[in-house]
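Chain nomenclature is as follows: A, B, C and D, assigned in order of appearance, with residue numbering initiated at 1 for each chain independently.
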Amino acid sequence: MLKLDKTEIWLVVSALVLLASAFLLPNWLTFILTLALAKALVVQGVVIQMRAGLVSFGQGLFFCIGGYSVGMGGAFLNIHDAFVLVALGVAASVGVAAILGLLMTRYRDIFFAMLSLALSMILYGLIVKNQALGSTDGFNVHDVSFLGWMPAGEDQKLVIFVLTVIVAGGIAIALNRYMKSGLGGVNEAIKENEIRVEFLGLSPRWILYANYLFAAGISAVGGAFTALATGHVDPEMAFWTTSGEFVFIALLGGTSHVAAPFIAAVLFALVRTYALELAPHSWQMILGFVLLAIIVFLPKGLWSLVAGKRRAAA
Amino acid sequence: MTTLYAILIDGMIYASWLFMVAAGLTVIYGVMRILNMAHGSFYSIGAYTGASLVGWYFSGAQGAPYWSYALLLGAALVSGVVVGLLIEQGLLQFMYKRDEILMVIVTYALLLILEDATKLIFGVDPYFTFQPYSLLGRSEIGELTFANYDLALIAVAAVIGAACWLTLNRTHTGKVLRAVIQDREIAIAMGVNVKLMFAATFVVGTTLGAIAGALTAPAISVSPGIGVEVIVLAFAVVVVGGLGSIEGAIVGALLVGITRAAAVHLAPQIELFVIYGVMALVLAVRPQGLFGRDLARKI
Amino acid sequence: MTQFLTGRRFAARAACSLLVLCAAAQPLTSWARVELGAPAGKADATIGCMFPMTGRAAIYGRDSIAGMKLALADLARDGTPAPTLRVLIDDTRSKASYAVRIAEDFIHRDGARFLCGMVSSGVAHAVSQTAQRNRVIMVGTDHASSRLTIEAFHKYYFRVSNDSYTSMAAGARYLAELQRKTGWKRLAFIAPDYDYGHVSWIDLRSNFERLGVKFELVGMFWPKLYEPDYSPYIDALQKAEPEIVVTALWGGDFIAFMKQAASTDFFDRTRLANFDTGANYEVMVALGDKPPKGLIVSARHHNNWPESERNRRFVNDFHEAEGRFPTYAAEGAYSGIMMIAAAIRKAGSATDTDAIVTALEGLHLQLPEDPDGFTSYIDPDTHQIVQMQAVGEVVPDDRFPPARVMVGNWTVYRAEDLSPPPALVRERRSRAAGTADYFP
Amino acid sequence: MSTILETRGLNRSFGAVTAARELNVKIESGEVVGVIGSNGAGKTTFINMVTGYLPPSSGEILFEGKSIVGKSTREIIRNGMTRSFQVAQLFPEMTVLDNLLIALVAAEGPRPSFLGGLRSRSRIARADEILEEFAVQQYRNAIVSAVPQGARKLIDIAMALIGKPRMLLLDEPTSGVSVEEKFPLMDTVMLAVRRHKVTVLFVEHDMEIVERYVSRVLAFYSGEIISDGVPAKVFGDAKVQELVIGHGHGRKTEDKERSAA
């Protein structure tokens, strides 16, 4: 049924290795990996739109919707099944994206970035002022069951890690297909020359709209898993510096390979964890210098380092 | 009726502060097409240098108090020029060929660096230097009392606005600058030293940000994070007014300022949300802002 | 034909990323972590404590650690045989999701039977739910929201410092007496816009209702936490022309608000009251020698009250050890360690959690906060420590340099008058059943 | 021969300037119609209206009998009328092969597939055929921004033809191309056009090119068509001589003088 190409085979292998390592690695590392993989899904949402020429400085909006849907589902609607909660998050996120997308796809580069930033700050403003949602403190996510099964305390984190790896792997394969598909190619074409795409009989606006919705969906999955893993949600998820971080990681990895955002997210998480421990007051500075180095020396991102100059070499 | 006066005057005070903060940002974007995320850090550097200098001056308590205002401006000028030159010459001048959106991310990296740099240099604890603020006393307008320092800020903002507008529209360098804004390549072809223009503009932009910070320092407790706070507000003003236009920044500051003042008085709950609401609304209707030029699609 | 990525190159990449993972795998002991007391092997019980050690609230973290050192020293010096305690302290960075993570590490990796500390109520609330889930005792030493001992109460949660209800009860009584003298009618309230701020207002209002104090609420304002610019709120407050302004702003925010208000005629026409954190030593230092007029303040611990031998020894020991005088966080942390030690001694075991819970309920222990003739005790129903509270005004006093003013003209309130009536506790707990606080 | 394109009473004015006045044109399928006229004569306005990029102030445009006024560019392209560009509009950072593959995907339908791979074997084979047909196969894997101007023009036209249009607008195909390359380029284009049986509307300044490749010429001057017919007739027309070619546009006339002197 599913004929996997070379990259997809390696994706499956990497996922299996990660799953196996779950039992070897200390649980604080699996926790960091869970968060990194969940964050990588949001970064994929940024990357898809970046490949079409749009830089979203407000992807935190859908990351937050995904997270809060899980939190609110548990606290207010008494839904405690993980799969239903994640689906709820994706549905809410794609619903919001369906409306906002009509407006957002009319804009390009700086204006798209600023409007997306403004919209995510509006959500931030709404949540911060809302008492029932614990305003700036946010609130805890209740324990979840997985199709009825309720694992004991610490195992729950392991189950969430396994679930994240599997879902992230599935999405990675879908993204790989998408990037190499006709639609994926047209995406890059829109970035290069939107008018030509129009004169080839396609509607760039509807393709960007589809991108926007797809990115919103996987960002919500990222938000949902982050909420499940940390057990807490707060308005910080929609703040513009969080969205800035997603753009940072997207650039760190580069947009040319589906695995790049995953590797970049893990590296970012590790660099930040060590930087936080070593220099609690200047970890942001370290990240700032890393970003500058990437832009100056590796415009195509870390990925171009590893994949070598495949185009020129062929 | 008094609430209407209160909203108008509070709105004016807040608008003048917003304009001072946004002026540097819109000047730099106008000429250099760089949306400077690090502008908030220049604001906080100006605030920190101003606050620490004035704090030191008053702890000694020898000189006449009114010198502290000169000290504030001096601190802003020095820190603005030094930091501006350092960044422009050290980094930005090599990157003018890069496309706009990448420059936004370069300045985001600068923001991350400068935010931590200020923490390392000035520490984490807040600076309270209220003497210059309370020195000017207060005055009554109707039954309302306002700090003279705030009212003075309106005048200072007006001066800065007029200065920017006049240099841009009524001086020779202004004409040349506008040529660079229209088309960089042709300006170079006509022998304009664009490199110098960019360096000067960037330093002016950072110094304007630092001045805004230094002049605000006496009115607030200067602490980490005020820079990040200010950037998004400055974006709202500049985007509403139209990127790169001084008149736009003035009108944008007034619009956002008065809306926020109304919100604080009438519906404090929606205060934060209302600013971004205005920004999203204007962007939806006129993406290039009230005064921005519509970028034609040439094929 | 260009392969998208040749197998060889992909393998190289996968290998290098795995290498990075393994390099990161060696146990990351967080350098910021502090360890006190007995080493891992020899301790009867391990206590996992969490405080902000970076950012603006770092001063409370530093003082709490010093307070704990004093407690461990007092336990060792004390005649009666005390349990050997191992105290681990980590940085919450004032972020709830991060604190929850540290709490779970303390429980599962370090085998901590107790969690303690936490300055922000939001962080405390998140960790409290983790403590309940893992059936581990949590002793709050510095966060004050009464929600933790009422709406979000659970069997394993205790608090050893006055909460917002106790402070507001003392404050309401003080303002009731002031009303009989000055007949003030117009009151305004301003507090940071998060859980602690809103709960403080709820507690003040319910105390006013209990005491039958009639007043006109002329304004309520909710600046965000760490707001740098209070001028719009000060202007709005002046327009509302209140006679009394009660605030729950704390630390740097409270100081910034007072300094900005001092540059206006705010203090000529209004009296500012802060019953929960106003008298903190850090605030006294910041007031310098010209405090604003009419300030009414109280706090969970004062360096100059009570004049008891125990309090004087605590403050001097702290000054000798740290070279500065303590903020109120120090006494809270000190009490936390002493309470845990006393409970283990009373229960006779350091591992039987339920026995320790029953031992703690109703436990009496003499603390620096207690004036002579009174002993603090834990309320069996709310697990909140019951202590006397002293409210006063700012008076010149340079016995504790660098502060030039301290609190004086004390009005002291009996502990029994300040605890929430059981009916109110039941009513608030039932109402909480449907909200985000409710925890199955 | 059926009429493929007809305009009735076509007007367009920008404020006071009338760029098109009462244009009535009929083009039969299979024709190669040259459009000449100095800058500002209304050529570009006419082309932009006909390709749906610019709505007319009034009048009717019928393509294969159906009105295309008010239709989006996309719909008009889907109906079989497309255009190439004076400055080749390609995807600069992608390879020439990728550019063609994108055009092939677009030709397959308005909603590109999410699953099917861009680089399917059949599409690559079809792309290679097109590269041979336009003699640009040596640039197959080169990044477009590194490809010379002439080849880029050919690729631009090739991509336009991939959508199997019935009518193609050539917008100054030889502008910016060196003199030696001009005629080989035009031969390749005309060969491909004839093989695909495409009607061509052909905007060109170079009279030598117009004369050699065009079956009919429309001469524009200040928004009106002043002459319509076979090249010999139009070039012979005194008004065209004076108003269009007289403006020193016809390179032919200058060469004659130089050679005569």
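Just so it is clear, a contact is a pair of C-beta atoms (placed from the backbone, for glycine too) under 8 Å apart; a residue touches a chain by one contact, two chains touch by 3 or more.
Remember, it's a predicted structure, so these values are computed and weren't measured experimentally.
Asker: Which two chains have the most contacts between them?
Answerer: A-C
Asker: What is the identifier of the chain with the smallest separation between its Cα mean and the overall Cα mean?
Answerer: A
Asker: Roughly how far is chain A from chain B, centre to centre by C-alpha average, rounded to an integer in Å?
Answerer: 33
Asker: On a C-alpha centroid basis, what's the spacing between chain A and chain D, in Å?
Answerer: Each chain reduced to its C-alpha mean, chain A and chain D end up 45 Å apart.
Asker: How many angstrom lie between the CA centroids of chain C and chain D, rounded to a whole number?
Answerer: 77
Asker: Any idea how many Å lie between the Cα centroids of chain B and chain C?
Answerer: 38
Asker: Of all residues in chain B, which are in touch with two or more distinct other chains?
Answerer: Each of 124, 272, 299 in chain B touches at least two other chains.
Asker: If you look at chain C, which of its residues touch at least two other chains?
Answerer: 2, 54, 224
Asker: Find every residue in chain A that makes contact with two or more other chains and list them.
Answerer: Counting only residues that touch two or more other chains, chain A contributes 128-129, 180, 195, 281, 311, 314.
Asker: Can you tell me which positions in chain B touch chain C when the two form their complex?
Answerer: Within the complex, chain B contacts chain C at residues 2-3, 6, 10, 14, 124-126, 128, 130, 133-134, 138, 144-147, 150, 216, 219-226, 229, 261, 264-265, 268, 272.
Asker: Spell out the residues on chain A that touch chain D in their complex, using ranges where they run on.
Answerer: The contact residues of chain A facing chain D are 177-178, 180-186, 188-189, 192-193, 195-203, 207, 311, 314.
Asker: State the interface residues of chain A toward chain B in the complex, per the touch definition above.
Answerer: Where chain A meets chain B, its residues are 55, 103, 106-107, 109-111, 113-115, 117-119, 121-122, 124-126, 128-129, 195, 240-241, 244, 247-248, 251, 281-285, 287-289, 291-292, 295-296, 299.
Asker: If you look only at chain D, which of its residues touch chain A in the complex?
Answerer: 72-74, 77-78, 82-83, 89-95, 98, 101-103, 105-108, 110, 112-119, 141, 143, 159-160, 163
Asker: What part of chain C is in contact with chain A in the complex they form?
Answerer: Touching chain A: residues 1-5, 7, 9-14, 16-18, 20-21, 24-25, 27-28, 30-32, 53-54, 91, 93, 95-97, 100-101, 104-105, 108-109, 120-123, 125-126, 129-130, 133-134, 193-195, 198, 224-225, 435-436, 438-440 of chain C.
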